[in-house]
């Protein structure tokens, strides 16, 4: 039977390489796969394109990636209160693509769902429309937003069974469930791995078809 | 506290009028709100536009609407094996807009999610692309598909609390959860109404913000 | 004439929210509106990170960092609440399912343009978050803000000088001096702080103001009569 | 030389499915492939009405009409299965998450065009269902069909005469006579029914066929050696 459980975060990030595009789940700390943050650092990769809601805020989150200067570009909705990112942003050593939060998650969904893009009313008449195609439907103007894909999507789940079915905990679900559909390789850090059959089929949020790797968060 | 429970199917369809657009959940019989089928008939409305996966197949489902000739147009993916619909289709007394199933549900989702449309790879190079705008992104051709909205969306749930939170039963979830986001008025026929707090917050599929009316399926 | 305190402004907004309405309170000052909801209002609060029926902040020591609001502060879930992913959460917003979004602002123009995400390039990274999605999607967009800036300039303007969040979306403005409806015929004063003359308000307001009948009176505690 | 029975054809397809793969079996003949999956194959079946890990049909009297497949027939759920709405189900398909979709067909062209939804206007209402979404999205699109029509015409054609489902998507064709890969260089025979000469196959096939090395031999039970 399918079993996608891997040993640890290091195994979960196996194959990541310089220049890859990486989605990281989480809104603030909730949903951020912290073991992955460190495992990616340990791999020594560089020039990543990071797709994430935030750019970190404490010393113990995505801030570490900016401190280590492994991110070339971030696609993000709210990189405020991110000290290390802000320094590099001011120095011009990191590129920022600022995307409204709902548009960010919808672009990720479009990537995972095989759509070529969508027409959004969000940003019409603002700087967020700059450089984007405008399409009028029934007399109303929309912006054409394009899908986002990633080489790796890393998210934080609550429980996963060994097949790779995943549930989330409270508001930690946020972007995680959507990102889990959009990475070429999807790895999920969970609180606990459970047996096949332990999860309620009605309450599984990410069915196993989307999930390539699962590992249990270290209790250390 | 909010309480959206109404007495019966007749109350759930209150306000429907000639010419309305109506979404009906269900794939085959699973997810079809049967009480609503009959209550709409009892209202005596006509000239409905029906958005539904099927056009009925037995004497005891959407077939009744075609038998009673209350549907002017159906937007649908699979109207085969629908005797009464087929008769009217051949007679030219009902209009058919045939939509691939995944495109149908995605257009409904776009309606509920406030999008102006989406770019689909489905149907490119086929008759399903006829008359639709083509948009090329990164050298790949897509079809612009437009959102669907409805005056009423009627779906079948499993449990609902009095606030209007809804769960579904097994594959009866199908189009129901998406349609429940896309009607101006959304009414849900359920097996049982439960108290607020009885549903697991992690397992609610349709949060109450989308739901205007709930009623318990008659046991008769 | 003392402008309303922040608390009184929050209370004034809270008293106006529709009973049993679905409401998103933006980060910052709007979040405090929750503290003044009348008992039994039945208002159901949404937070865009994926939660409906947000409850009060937990007691010290009871925080769950997987249960936070859009301001990343610990909250609780009321009975009948639900969790969902961001795509469904923003579908609620963009799709017009929220009754009211209450937002802070730097400026609102006479036709309801909203500027609330940046005052321009000051070398800091910009952040937009979900402000723009809320501003486009909710059925009613309410702004709450001080009527004038710290140096006395009107925040209610002919045309926004700051980068726009959305065009023509604001439906009502609550300030520490008044309540203004944004109508097709321009800005209409609906309520006025007790003791403030309409001409004094106009002196503090760049955009033209209409008055329909007698404006209601705003008391210092934020109640309106 | 007797063409494969329907059962043997289903078995042949089943034996080729990738271990632990995610597979959708289209309505009609492909559904029967499930009956021939080897024990321990680990194949996980998807049905587009919103279910993953479809199990066998329930015993008579045990049917649950809320638990059906895309053919609207009662099924069961295996341990580790899940339910979801149609939008996520079609995201799986359109988004390229399925390893294989097995579809019936009227015709397949030499470049992999698929015609499997209608033979044209015969007065009956057309139906498309999820066939087209599957045909566009899955990583591999396999067709299973009789090699020729009832009146002996090839279903593997230069150019489809029937309305297309999708262009250039079919990757492999299983017939009751052979297995053919659709490659950039045209149709390549991979396996041939025991006792059938390649020239005899060509006689029954409108589109040109290549042979790479020695084709494998298909036995009457659908196994391939």
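Note that the chains take the letters A, B, C and D in the order they are written out, and that residue 1 is the start of every chain.
Assume a contact is a pair of C-beta atoms (placed from the backbone, for glycine too) under 8 Å apart; a residue touches a chain by one contact, two chains touch by 3 or more.
This is a predicted model, so every value here is computed, not measured.
Q: Just tell me the minimum hop count from chain C to chain D, counting one hop per pair of touching chains.
A: Minimum number of steps from chain C to chain D: 2.
Q: Round to the nearest whole Å and give the separation of the Cα centres of chain B and chain C.
A: Averaging C-alpha atoms per chain gives centres 35 Å apart.
Q: Need the CA-centroid distance for the pair chain A / chain C, whole Å please.
A: Centres of chain A and chain C (C-alpha means) sit 30 Å apart.
Q: How many angstrom lie between the centres of chain A and chain B, each centre taken as the mean Cα position?
A: Computed value for the inter-centroid distance: 32 Å.
Q: Which residues belonging to chain D are in contact with no fewer than two other chains?
A: Only 77, 83-84, 87, 90, 93-94, 136-137 qualify.
Q: For chain B, what residues touch not just one other chain but two or more?
A: Those would be 106, 109, 113-115, 120-121, 168, 170, 201-202.
Q: Throw together a list of every chain pair that touches.
A: Here the touching pairs of chains are A-B, A-C, A-D, B-C, B-D.
Q: Sort out for me which residues of chain C touch chain A in the complex.
A: 47-51, 64-70, 72, 77, 83-87, 89-90, 93-94, 123-133, 136-137, 163-167
Q: In their shared complex, at which residues does chain D touch chain A?
A: The touching residues are 20, 22, 42, 44, 46, 52, 77, 79-84, 87-88, 90-98, 136-137.
Q: How about chain A: which of its residues touch chain C in the complex?
A: 27-31, 55, 77-80, 82, 85-86, 89-90, 96, 98-103, 105-106, 109, 120-128, 168-178, 205
Q: Using the touch definition from the top, list the residues of chain B that touch chain A in their complex.
A: 106, 110, 113-121, 135, 137, 140, 142, 144, 146, 167-168, 170, 200-203
Q: Please give the residue numbers of chain B that touch chain C in the complex, ascending.
A: 1-2, 109, 111-115, 161, 163, 165, 181, 196-197, 199, 201-202, 204, 207-210
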